[in-house]
Amino acid sequence: MAFGKTVSLLAVTLGLLAILLGGLAGPGAAAPGPATPDLEGPAKRLSVPATQEAAIAALKEIPDPAVEVLLRALKDGALYRLRDRAAILGDDGTLKDLSGQPILDAAGQPAAPADGQEPVPLDERLFSVVQRALERLEIFGADAAARRSAAFKLGSSQDMTAIAVLEKALARETDPEAKPVMEEALAKLRLASPDPAARAVAAQALGRLRSEAALGQLQAALQQETDPAAKQALTGAIRSIDSFLVIRNVVGYAFNGVSLGAVLLIMSLGLAVTFGLMGIINMAHGEMLMLGSYTAYVVQEIFTSRFAAQQDYYFLVALPLSFLVAGLVGLALEGGIIRFLYGRPLETLIVTWGVGMIFQQSARLYFGDQTSVNSPTWFRGGLELMPGLILPWSRIFIVMLALVALGGLYLLLNRSYAGLRVRAVMQNRDMASCLGVSTRRIDSLTFALGTALAGVGGCALALIGTVDPEVGKTYIVDAFMVVVLGGVGKLLGAVVASFGIGISNKLLEPAISGTAAPIYAKVAILVLVIWFLQWRPTGFFPAKGRAAAEAR
Amino acid sequence: MTLGGGPRGDAQRLWIAAFGIVFVVLLPVANALGLLSDYYLNLFGKYLCLALLAVGMDLIWGYTGILSLGQAIFFGAGAYSIGMNMMLEGSGKGVYGEPVPDFMIWNQVYQLPLFWKPYKYIALAVASSMLLPAAIAAVIGFLTFRRKLRGTYFAILTQAIAFAVWLMVSRNEMKLGGTNGLTDFKSVLGFSLSSPATQRALYIITAATLLAAFLLSRWLVTSKTGLVLQAIRDNERRLEFLGYNVAGYKIFVFAVSAALAGLSGLLYAPQVGIITPSQIGVLPSLEIVIWVAFGGRGTLWGALLGAISINWMRSVLTGTYPRLWPIILGALFVGVIMFFPKGLVGFAARLRSVVPGRRRLVEAGGVAASKAEERPL
Amino acid sequence: MEGLSRRDFLKTTAAVGVGAAAGMGFPAIIKAQGSAPIKVGVLHSLSGTMAISEAPIKEVVLMAIDEVNKAGGVLGRKVEAVVEDPASNWDLFAEKSKKLLLQDKVATVFGCWTSVSRKSVLPVFEKNNGLLFYPVQYEGEECSKNVIYTGATINQQATPGVDYLMSPEGGSKKKFYLLGSDYVYPRTTNKILRAYLLKVKKVPEANIAEEYTPFHHQDYQTIIGKIKSFSAAGDAAVINTINGDSNVPFFKELGNQGLTADKCPTMSYSFAEVELQTLDVKPLAGHLASWNYFMSLKNPENLKWVKAWKEWAKKAGIPDKQAVTDDPMMHAYVHVHLWAKAAQKAESTDVDKVLKAIENLQISSPVGKYKVDPENHHTWKPVFIGKIRADGQFDIVKRTPDWVRPEPWSNVTYPGRGCDWSKGGKGTFDTVGGKRVWLSEKQ
Amino acid sequence: MDTLLYVENLHVSFEGFLALHNLNLILEPQERIRLLIGPNGAGKTTLFDALTGQVEPVMGRVLFKDHVNLLGLSEHVIAHHGVIRKFQTPSVFPDHTVYENMVLSSGSKHFLASFAARAASHEQEQIAEVLEQVGLLDHANELAGTLSHGQKQWLEIAMLLVQSPTLLLLDEPVAGMTRAEKDRTVALIDGIVKRSACSIMLIEHDMQFVRQIAGRGHKVTVLHEGTVLSEGSIDHVQADERVIEAYLGRGKVSA
């Protein structure tokens, strides 16, 4: 049932992606329309230092993408003069004219700037003027994201003349995300208008838009505001924004907590099996996570080289593969080494520590140190729950994966026949073997299950963390903490412990001000765990009944 | 571990004497005569400090069966105590020429924090380097042993404490030099650290202390307390019913091993010239366990051999195989534990028993004749 | 294993002979001076957390040594590298430098990356009068007779970065969030930058925030949440001195939480091409970095060097995608040639003679003209600001017209303090009433 | 002193399961041996656990020598008072020699005393004497682990005797022994009664062994489902039909 939800989420995101990609491709193609006004005159005046400033001011008023291309070339030092016509240096090193057609030299080949030919110089002083003009023109550009950031910059430029431009752009604007940004920009500019009524309307608009960006401006305006109605509107806006921010922060911290909890759960789920259930102290557990991350890296490399088109779907292949790879390695590790060390936990600790060192250095020698996994496009960015609060898709996926893995493990252990045999062997090995259960096979399969879970965890964690030989070491202490705090042999314990540590860590971190919040939060959690283990030495959910007396 | 003197006892004394002569006398003389370079003497000085640390670990784990994954905290407490003393002794000669240690300057700390002040006096520093770790161990022991916290739980708990201590000491706000730790020591007790004579003196003190600690541990282990400790390892609940306050013994041996670790830190810092949080955290504590296991736990010689051999191999291998040494060391750990469960000493013992040579003499049955006969304990 | 190429294998077995002899504790074999090779130490971490940054440095040093040998070596003798792996472990750095100086008796050492490792080997070099070439940008406030600092000082990297951010092209930013790893380089750099912002740039105290995370910190969710509200008004920037592998989770979280460069740009000082190409670059387009070198520099010397490096990397078994060059690698490459040229000029490998010869020594480098300061053992070089392009390279958005004089002691925090080792100078001095007071005499 | 051991209304529960409920038992000072019998799960070992601080009873009082309340004391303090217990499975220190096991058990258990390198001479004599009593003197130097099952039981008994106990709790001392070994144990127990002043409480299933011991005029207590079913001489108890029913038919017996 949990598994079904994941598949549906993935399907939805894929569909969304297709529309988005389609949308972008469409308008882009249509931009360079044929009817560009004659820009040769202004371009000529641009190249003459004396008339450069006036030419820029004139071009600023023409809301046409071709003007934007001309001014950008001037700023980047890519504008040349060829046979008294303007020529722009393209990325491929060839010259094109203002309407985008390549200029041919005498031999009919696309012309390139002659050696030593200098581009049209831009006076240092005029640099910001051109910058300002470009922002103004970008607002009419093709790309929605560029329009949004241009509107944002104009909004905070305190340049009253920009109001007219913004109003014109707002009228033409269709993109649902760009519209509120433009309204916010307009309202921020109007805050400084002489007429108090306009100021009040602007303040209310900013309040309604929950504009965190304008908070500083609103508070400053409140100081000098004299008009009672405007003052009242300002305080109202500030209060609504503040209350919105409080809610948003709480939701943000809660999500961070849940996300960290899921990360801890994924790290320690495999350990809950190998250490919790089987009592094996596997110090190479971190390296099993690393194996999962490297499987993701290898699959990604294969996809980039062979199936570049379906690059984004490498992750769907990497996930099950990392489960298999880590499982197989676990099988080999158990059969080759750990099998001889049952009942001797401390020796297992040392041997697995040695195995961990071997894995780390071999990974470094084989893969080198500069490896990383890039999340597929449909994992980039995040779900904008509230304005300004983006929940990254990759972290949502990790929470989903943690719950799915937990559900799967619970069903396997408690509801399936195989799970029955595993629990039997772990609780009373001799009796189980008398009943015809081959304990050898169960031991190796259960250990392999533990390392396989770690592999999947590593593959998912590669989305948000590093992929390098050292990554195992950073996870190992946290993973053991969770399993010990959660209580040996109890899945529920691991869940409560990982989410407990995650959420309390993330609620504590913002509360501690100063330069070391992340550290003191982590130390506080450790002290809590140490204190807690005083009273419940066997963790949240200790074994019950007579066994408890024995275990003590 | 026979109680009686017996022939094995004499062999032991022979070995200890040999060890004493070679390490405490021969090496420093060779260095003085220029046969052995300062670099190697200093390196052996470092190994002997770590051997001292391993002996402490062997007491708590090898003999009493309590795996503490936090021994590096006590080592760090000792090393930082003498480190702070040496920093204060060298104050004013640092890069900034200020009366306060250099690292405080770039942390915008301009007068000495309170907890640094007592370390100006060498006596307090030396005392703190042993009493502080012993006190920490006693508190941890009091909190855990009385609540019957045992086995892997105690190990994971001490690992968590080590992790927390590492996190805190790495912070620059703790005014202990952050990840830089304490470095650039100029002198100890007024003797300049750069002169070979001081280093040789430090080496001799280390070797002598190790010998003394070894003898002290041997006496402890062969006394009745030693018996009780090993009984704790074998069958702790039985002991309780025999009337032993087991928690008290555990706290005692934990404090002794912590004091030995602190002492090892005290001797380590001046010889190596730097002490940083990276020697205090989770990983160094694990390595100490591996030295003792590698050498053979439950035998004092095992701890000694394990610490010296692994650290010597690490120094050589990082030089000859800069890219392969972790693999070689990892394979070694797996190999020894799998094939020589009793470690190097166990391996040597097995060799000896296979080789016919001298059989162990056991006075068979003559005891029954006169039951009042005097028997050395 | 593909990583361990044949050439490496031969080199290690040869080294075994030397290492084994040295390792066995026998007294050092006394060599005839004449034709025997000159030994130089290479002290960079090949394992542990710093391997990501230091492994390429070791390779580029070996390449430079190979070039020096092809050009006839130094004083007619071949140069032989003694490679040691301090494994990102600070006290192993100290132990290995003792071995290189006392045991292998190397003429010089090219090594160290983090300031922690430099601080831990400094006493060893000063006690035994060794010579260390340090290729990485650092916090300054240090000036040792035995170290040649080829990396950038604060005024050759950090302050130009801030100036650019406050300039119109940089978006005339007013608020700065100083985020770094918790060790000596970020702490000192931020101390100087804070003084520079308050006193020189008149930025109000409230506009400056400071935060430190430990080494290999992985979870930047809350910190990026704080940065978002800090930069909501669009007039803020992040000064990033996070080191090594922690940059990867930081920039991934930055991209995932939609904090793009136009809303809040980051100016990085420990994050270059080597770290960049391990990341998914598209969401990082627009972020900035300040260095003395970028791989995308178009001058002929650089194009030639990059081509030579790619060939060497292919032989050393480094996949092409990872064979990039960055600022510390450039400095490491140049300072090997600097040492060779100085030793040739001094006609000896003796440390004091080489130090004399290296004063004011000029050399051609991938960034054009490059020279050692006549007094304070640092180097002159131009400063560039790069903006990350979608293809993983840096776009040069600003370059200093000429090379910049290194100032180990920033005049913001220590006005009048300088460093001079030439003509009998004794290192760090304060100018009191126009007269120089040597620090070493004051102690 | 009126009673050696006074157990009143003792209740022990494991998460709801009442292992012992309103159990009353009185040991007179002059009584030397009290036998405890009853079917499996009747609570015999749980009673010993409660007496030696291994398990925390929910309710009830246990007085030793009229004034010492054993409940709530930790194991080693109870041992100091002279209430010494032997476990069902022989628990000795296998890696120590027989002699070392004895040294561990004898002398002062106090912390500082154990530093003495040599056991005091009188201690050695006492050890030798007790070893001789259990017939293990000639195995002194062998590792306890190498002894046979019976010998281990005797070693454990020897370890208890050397602590000169006041009340000796023996939990199935002859379980798993050969006939000959059982007879020697009977003689051993007689020797203990003769030579030392301690009283013994003995749990056993082997009815022949019980009859041998009880035949010498010692009282027998029958436990059933956590409480005392009947008490008296061996003949009285065997004649009591409630006991017969409890032992033979598993039916409900009205107490």
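Letters A, B, C and D name the chains as they come in the text, with residue numbers starting at 1 for each one.
What we mean here is this: contacts are C-beta pairs under 8 Å (C-beta built on N, C-alpha and C of every residue); 3 or more make two chains touch, one makes a residue touch a chain.
Everything numeric in this text was worked out from a predicted model, so none of it was measured.
At the far end from chain C, in terms of centres built from Cα atoms, lies D.
Among the pairs B-D and B-C, the greater number of C-beta contacts is found at B-C.
Distance between chain C and chain D, defined via averaged C-alpha coordinates, is recorded as 76 Å. Work out the mean CA point of chain A and of chain B, and you get 46 Å between them.
Chain centres here are Cα averages; for chain B and chain C they lie 37 Å apart. Each of the following residues of chain B touches two or more other chains: 167, 170-171, 323-326. Shown for chain A are the residues in touch with two or more other chains, namely 360-362, 365, 515-516, 519.
Chain contacts: chain C has residues 4, 47, 182, 212, 214 touching two or more partner chains. Every residue of chain B that touches chain A in the complex is listed here, in rising order: 61, 67, 143-144, 147-149, 151-153, 155-157, 159-161, 163-164, 167-168, 170-171, 173, 282-283, 286, 289-290, 293, 323-327, 329-334, 337-338, 341.
Put simply, chain A touches chain B in their complex at residues 279, 281, 283, 337, 340-341, 345-347, 349-351, 353-358, 360-362, 365, 473, 477, 480-481, 484, 515-516, 519, 522-523, 526-527, 529-530, 533-535, 537-538, 552.
Those residues of chain D whose C-beta lies close enough to touch chain B in the complex are 52, 74-76, 79-80, 84-85, 87, 91-97, 99-100, 103-105, 107, 109, 111, 114-119, 121, 124-125, 128-129, 132, 137-138, 140-141, 159, 163. By the touch criterion given at the top, residues 2-3, 219, 222-225, 227-228, 230-231, 234-235, 237-246, 248-249, 252, 362-363, 365, 367-368, 371-372, 374-377 of chain B touch chain D in their complex. On chain B, the positions that touch chain C within their shared complex are 35-40, 42-43, 46, 92-93, 95-97, 103, 105-108, 167, 170-172, 178-181, 183-185, 194, 272-276, 278-279, 315-316, 318-326.
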